[in-house]
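Shared chain: chain A. Partners: chain B in the first complex, chain C in the second.
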Partner chain A sequence: MYKYFPLINVFVLMITAFTIPIVRKKKIARELSIFSNAVILILSIFILVNVISIGDFHYKAGYPNTFFGIDWYIGSIESVLSVLFAFVSLLIVIYSYKSIEHEVPNEKIDFYYILLNLLLASLLGIIYTNDLFNSYVFIEVSTLASCGIIVIKDKKANIKATIKYLIMSTVGSGLILMAIAYIYSLTGHLNMSLIHEVIIKNYTQYPNSVLIILVLFTVGLGVKSAMFPLHGWLPDAHSSAPTPSSALLSGLVIKVYAFTLIKILYRVFSFSIVNETIILNVIILLGSCGMIFGSIMAITQKELKRMVAYSSIAQMGYVFFGIGLGTPAGVATAVFHIVGHAVTKSALFLCSGLMIEKVGSKKISDLKGIGKEMPLALVLFTLGAFSMIGIPILPGFISKWYLSLACIEINRLSLVIIILTSSILNVIYYFPIIINGFFGHENLEGKVYKSKSVSIDRMLPIIFLMTAMVLVGGFSKNILNFISTAF
Partner chain B sequence: MGIVTNYFETCSIILFGVGFATLMFHRNLIKKIIGMNIMDTAVFLFFIAKGYISGKEAPIITNSYKGIEGYVNPVPTALMLTGIVVAVSTTAFALALTIKLHEKYGTIDLDEIIRMKGD
Partner chain C sequence: MSAENLLAFIILFPSLCTAIAYFLGNKDEKIRNIFLIFVTLINFVAVLCLFKYIKTDTVEISVPYIMGSGLHLKLNSFRYIFVFITSFVWFIITVYSSQYLINYIHRNRYYLFFMITYVSTIGIFISENLLNLFTFFEIMSFASYPLIIHDEDEKAHSAGRTYIIMATAGGLVLLMGIFILFSYTNTLDINELSDILPYLGNIKYVISSLFIIGFGVKAGMVPLHIWLPKAHPAAPTPASAILSGILVKTGIFGIILTVVFMMKCDIYLSIFLVIVGFLNMFTGGFLAIFQNNIKKNLAYSSMSQMGYLLLGIGCIGLLKDHQAIAVYGTLFHVFNHAIFKVMLFMGIGIIYMVTHKLDINDIQGFGRFKPVLKLTFFIGFCAIIGMPGFNGFASKTMIHHALTEAGHLNHSNLAIIGDILFYVCGAFTTAYLFKLYTAIFVENNSRYYASYKKDINSRALFPMVASAILIVIFGLKPNWFLYQFEGINEIFNLHNTGVFDINFYSFSNIVSALITIGLGILIYVFFINKKLITIVDNKKVYVNPSINWFNLEQDLYKPILIILFKISTVVLHVVDNIILTFYNFIYTLIKYISNIEFIEFSSLINSINNNKKETNESKFDYSTLEKNIENRTEFIKTTVKEDLKDARYKMNSITYSIFLLGAVLVFILLAVIIFK
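On to the complex of A and B.
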């Protein structure tokens, strides 16, 4: 029975997405969206429990015993990511229930929930699928849906950011499709497992083609997941979008493409093939550049959301760094970083959105003394920032720690220095906000203690996300062990 | 020799280059979208060429079934049908955004738009 759950997940989301325009009532749209997300979370937990107790499984849609049916594979990483995505998305939708009216024009709210549901459906599809062309279709759906949730605010800056994002993503999709065409002409299959079987036997005869395929996939998916020199669209898109969208885009959407890259490098190809090419060195170089450059750019930002968005580029650098190490330990840590960063960054975005909404200014300098007015929000923000910086037991620290161990394991000590430098840079841009927030007095004349504090029910999603973050840190060993079983 | 004899592949790679360059280096948004379409079409050509076997028929039975050897591979064609749908929807969305952009900024020159300070 549980074998049908992945398909049910995607279908529930899509069907609710297309029910909303029939209903056309804002309140019902929101409730439907929350309901469907809750169903997904429950089913995903069932899938996770089943994968833990019984093991990974395939679901074949279409023609089960032929090579051209669409194959879905759910292993340990897929089940963990599906629970994570359902959980984060549910909390973001709950957060948006109260806040969306401030940011999205009233008549477009029901469209917003259509797009959110479609986006989550396509993200889950990308995670589950074991078929290259299927993942291409889901990638396109997710790109259009994520463009939609940025542009829905209907401001000048949003349209500009969206067109930038759309053009960059189309370049990426073109390259991905070209890579799929190459791999199809080489192997005659689109199913990842079957491609793997063919390619492991024949790759020595086609060294150039293998390299071209890897480069096309890396660049194509790199554009979409904001790999360092291709990140130009991210700060505009993520900072101008409505707060729930920013949280969803930064927390989940960019991660899923990095996971697709992991699938292609290590499941379609394999550790041995990929290690023979130069692609891993390129990925590790770009990842390191992203870690350093993203942090430096974050320091220079004057707007809170832009700073958090640049921090996402730096954090994606860690993910690519882990992928580029080319060892099972490195890749497992990259996946763990995806999990940890997804909960942390979405919470940080929701927190900063709440602060910006109450203060009425995007500028970091206007947030001085915010700790006196909104103590709980700033405490939660601090907790998230601590994870980004790498304070022990929080997930940010744990992924840095295991990344360093993975570097030492393959005798590349110089890479540890990059991780340390990036951590120090993180301190430089997160600490001023926290210190000025708690101890700054410049903006406080004529203001009352806790004057801007919001009701607890709006803070609850953020509190849940932060609790989840601490738990991810606390159970890091179990999660990492479980993820490692995939390799 | 391979470059001369593989017409489809060579042609599609050239088209891909043309489309890519148009998409990256033109300032006009409409031209960028045209470039995007050329790029997509190049990939469609490449993909469909992979399923074509010269001298074989399209996999539609007219008089009698000729066995597997009689027909070209239909899978790439079917896939590209989906690809075309995706490309069309992306184009439609991009054009709609261009109209919105022209409403708000009064120009479709991307460099100029990026130079402007938007709210």
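On to the complex of A and C.
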């Protein structure tokens, strides 16, 4: 029975997405969305439990092992990510229940929930699928849906950002499609496992083709997951979008493409093939640049959400850094960083959204003394920032720690310096907000304690996310061990 | 109840009752007092019941997966001595406290921490795992802090500050030792460590020194003793009594574990301990002579007695195969010291209860007509100076024998010096207590003729009488006591068991004890009487010249700390300034570069084109261009900063993003294919 759960997941989301316009009532639309997300979370937990107890499994539809067959593969990483995505998305939808009127025009709210459900459905599809073309279709759906949840705010900045995102993403999709076509012409398969079997035998015959395929995938997926010089669309899109969308985009959407890259590098190809090429060095170079320059650009930002968005670029740098190490330990840590960062960054975006909404200004300079007016929100923000900086126990520290260990394992000590530098840079842009928010008498004068705090039910999703973050840090050993079983 | 259950009982039962007592105390203090007396009594009885199990055997409990590396408790006859005195002393002090504390505030807080200290002290003595021991050790350190500062006046806080700094620092040093130890041995079980640690090479001395420093702080080892004479006078008397009687023993216990068990009686550490032991005996005894504050006098006395114990431990190491006498002597002295020192403190407490004074000049002649107090105090006095017939005599004789034998065994010429020092320190003990005794009980003072019955009742006197009886019993029958603990033979691997047949009351032993006492009386007559007592208005006034002497805390440690602090401030200041200057330099450099003006290229072209139009010549005229450059009028100027801003804006635009994407794609493709 559990073999059908992945399919049910995607279908539940899609069906609710298309029932919402029939209902056309905002309240019911929201409740449907929350309900469907909750169902997904429960089913995902079932999947995870099954994978832990029984092992990974395939779900095959259509004509298995042929061109038309669709093959879904659920292993340890897929099950973990599925629970993670369902959990984060459920909390974001619950958060939006009370907050979405502030940012999205009234008549578009039901449309917003259609897009949210579609987006999650496509993200889960990308995670589950073991078929290249299938994943391309889901990637396209997810791109369009994410464009939708950015532009829904209907402001000038949003439209501009969305067009940029759309064009960049489409170019990326084109590259991916090209790569898929190339790989199909080489192997005659679209199923990842089958391609793997063929390629492992024959790759020495087409050395250049393999390289080109790898580059096309890396750049194509890199655009979508904001790999360093291709990140141009991200700050605009993530900062102008409504808060729940930003959380979803920064927390989940960009991660899923990095995971697809992992699948292609290490499942379609393999550690040995990839390690023979220079592509990993390029990925590590771009990842490191992202870690450093993302942080530097975050330092120069004057708007809170833009800063948090640039911080996402830096954090994606860590993921690419881990992928680029080319060892099971490095890749497992990259996946762990995806998990840790997803909960942290979505919570940070929700926090900053609340603060911006209450203060009425996006500027960091206007947030001075916010700690007195919204103590709980800033405490939660601080906790998230601590994870980003790398305070022990929190997941940010743990991924940095294991990344460093992975570097030492392959005798590339110089890379540890990059991790340390990036940590210091993180301190430079997160700490001023916290310190100016909590301390400094001149900031706090004239501010009334808790005058801007919001009701606890709006804070609850953030509190849950932060709790999840601490738990991810606390159980990091178990999670990492479970993830490592995939390699 | 089985032995294991009893062992768990003696630590779990009081900890549970501590919580109950705290809530009871909020309701009714009287019930709480009675409840706690019964709790400590039951625990004492439980400890007594354990005796039959440990006489020949060992009781162990091991619970894996808790407290980090698992909980491992163990009780054998060696540990039993410590557990026994702890439970006994706590019982009598609880009885005593119920009377003593009547006029105090915050009694509930006092009892809470009093009991926590009790539980953690027992925990220390029965931990087999070093991490458990450390945990209980730290709980005890922190729980005894509120006892010391109980009065919350200036003096108490100053003493508390010194105590907590020393205790925390000692704890951290100990923890450091445990860390290093664990990284080398991968085990924390004391029993297993004894097979590993002695073969580790020179790192074992680092580890054991850290351990000895950490435990030495608690044991009042010179020069780490500075908290001891401050904390004892500041704390309420029951707290002073347990500090002096039991808590300092935790340090001794730790040092025995380190040197005798874990290091297998390493020779260098043993020599070190003998030296430190003599230093302690001498400094403690010498300084005690000068003290006028009776509690301070006893505090220095404790220090001196700890010296005997350290000396005994050192002798265990020096004696190699004949160590039985040193082992039994040390452990017997641990037992004896706890009992007589607690008793002396209780006697002082009774005086304090009536007079609220601690200075010897104020309470002169207090006890002249108070027979019970006088008698019990006299018994304590005889015990501590080693008068034949009292328990101190037996244990001091044994340590003295051990020292003499160690000298013989090692054919050392230093033995004679050690012998002389031993006599001198014994004489100091006699002298300072004789001073105390004559001042309080012999002098005549009409102020204190009245009976103290209205202030003192049997609850305060009973504990004193009980311990006095114990002192006399063990003084008269020391062999019987030693025989009870023959299980120690096996634990310490002793071969020579002749120790049970020692004839304590032989002529030579009695003579040497009397020589010591005689020397002490000579010191009293010729030094204290002459130098420390002046007659003012027909009254004796004791003076204390040592107050203005060199004070280790004020004159050495504090200046060193202050100097260190100042030096590090200066160094850090310099480093800070270097970083700041460097930062400023980079900042100004970047600013300078970003503000450099230059001519925009397009305006240069424009100017050339204009030039061409004006002159209508196809040939380019350089001279006008030069002129224009000199004038700098027609060109649009721009700075690096503006250019960068421009570039950033352009980079952010869609067109450039696509260009960038293409460039990256081409770059990666080329890189991959060229460097493959």
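Heads up, the rule we're going with is that the second predicted complex is superposed on the first by the 474 of 487 C-alpha atoms of A that agree within 3 Å, B and C clash if a C-alpha of one lies under 4 Å from a C-alpha of the other, contacts with A are read in each partner's own complex, and residues count from 1 in each chain.
Keep in mind that, in the parts below, contacts are C-beta pairs under 8 Å (C-beta built on N, C-alpha and C of every residue); 3 or more make two chains touch, one makes a residue touch a chain.
Please read all numbers here as calculations on a predicted model, not as lab measurements.
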- [ ] Please work out whether A:163 is in contact with chain B alone, chain C alone, both, or neither, and reply first, second, both or neither.
- [x] both
TODO: Classify the contacts of A:471 with the two partner chains as first (chain B alone), second (chain C alone), both, or neither.
DONE: neither
Task: Which of chain B and chain C A:207 touches, first, second, both or neither - done: second
- [ ] Could you tell me if A:42 is touching chain B, chain C, both of them or neither one (first, second, both, neither)?
- [x] neither
Open item on the list: By the touch definition at the top of the document, which applies to A:171: first (chain B), second (chain C), both, or neither?
Closed with: both
- [ ] May I ask you to decide whether A:185 touches chain B, chain C, both, or neither, giving the answer as first, second, both or neither?
- [x] first
Task: Contacts of A:279 with chain B and chain C, given as first, second, both or neither - done: second
- [ ] Would you check which partner chain A:405 touches, where first means chain B only, second means chain C only, and both and neither mean what they say?
- [x] neither
Open item on the list: Does any part of chain A touch chain B in one structure and chain C in the other, and if so which residues?
Closed with: 163, 167, 171
Task: Touching residues (chain side chain A, partner chain C) in the complex - done: 163-164, 167-168, 171-172, 175, 207-208, 211-212, 214-215, 218-219, 223, 229-230, 232-233, 236, 277-279, 282
Task: chain A-touching residues of chain B, taken from the complex the two chains share - done: 16, 19-20, 23-24, 29, 32, 36, 39-40, 43, 46-47, 50, 75-76, 79, 82-83, 86, 89-90, 93-94, 97-98, 100-101, 104-105, 110, 113-114, 118-119
Task: chain A to chain B touching residues, read off their complex - done: 68, 133, 136-137, 140, 143-144, 147, 151, 155-157, 159-160, 162-163, 166-167, 170-171, 173-174, 177-178, 180-181, 184-185, 190
Open item on the list: Give the list of chain C residues in touch with chain A in this complex.
Closed with: 651-652, 654, 656-658, 660-661, 664-665, 668-669, 671-673, 675-676
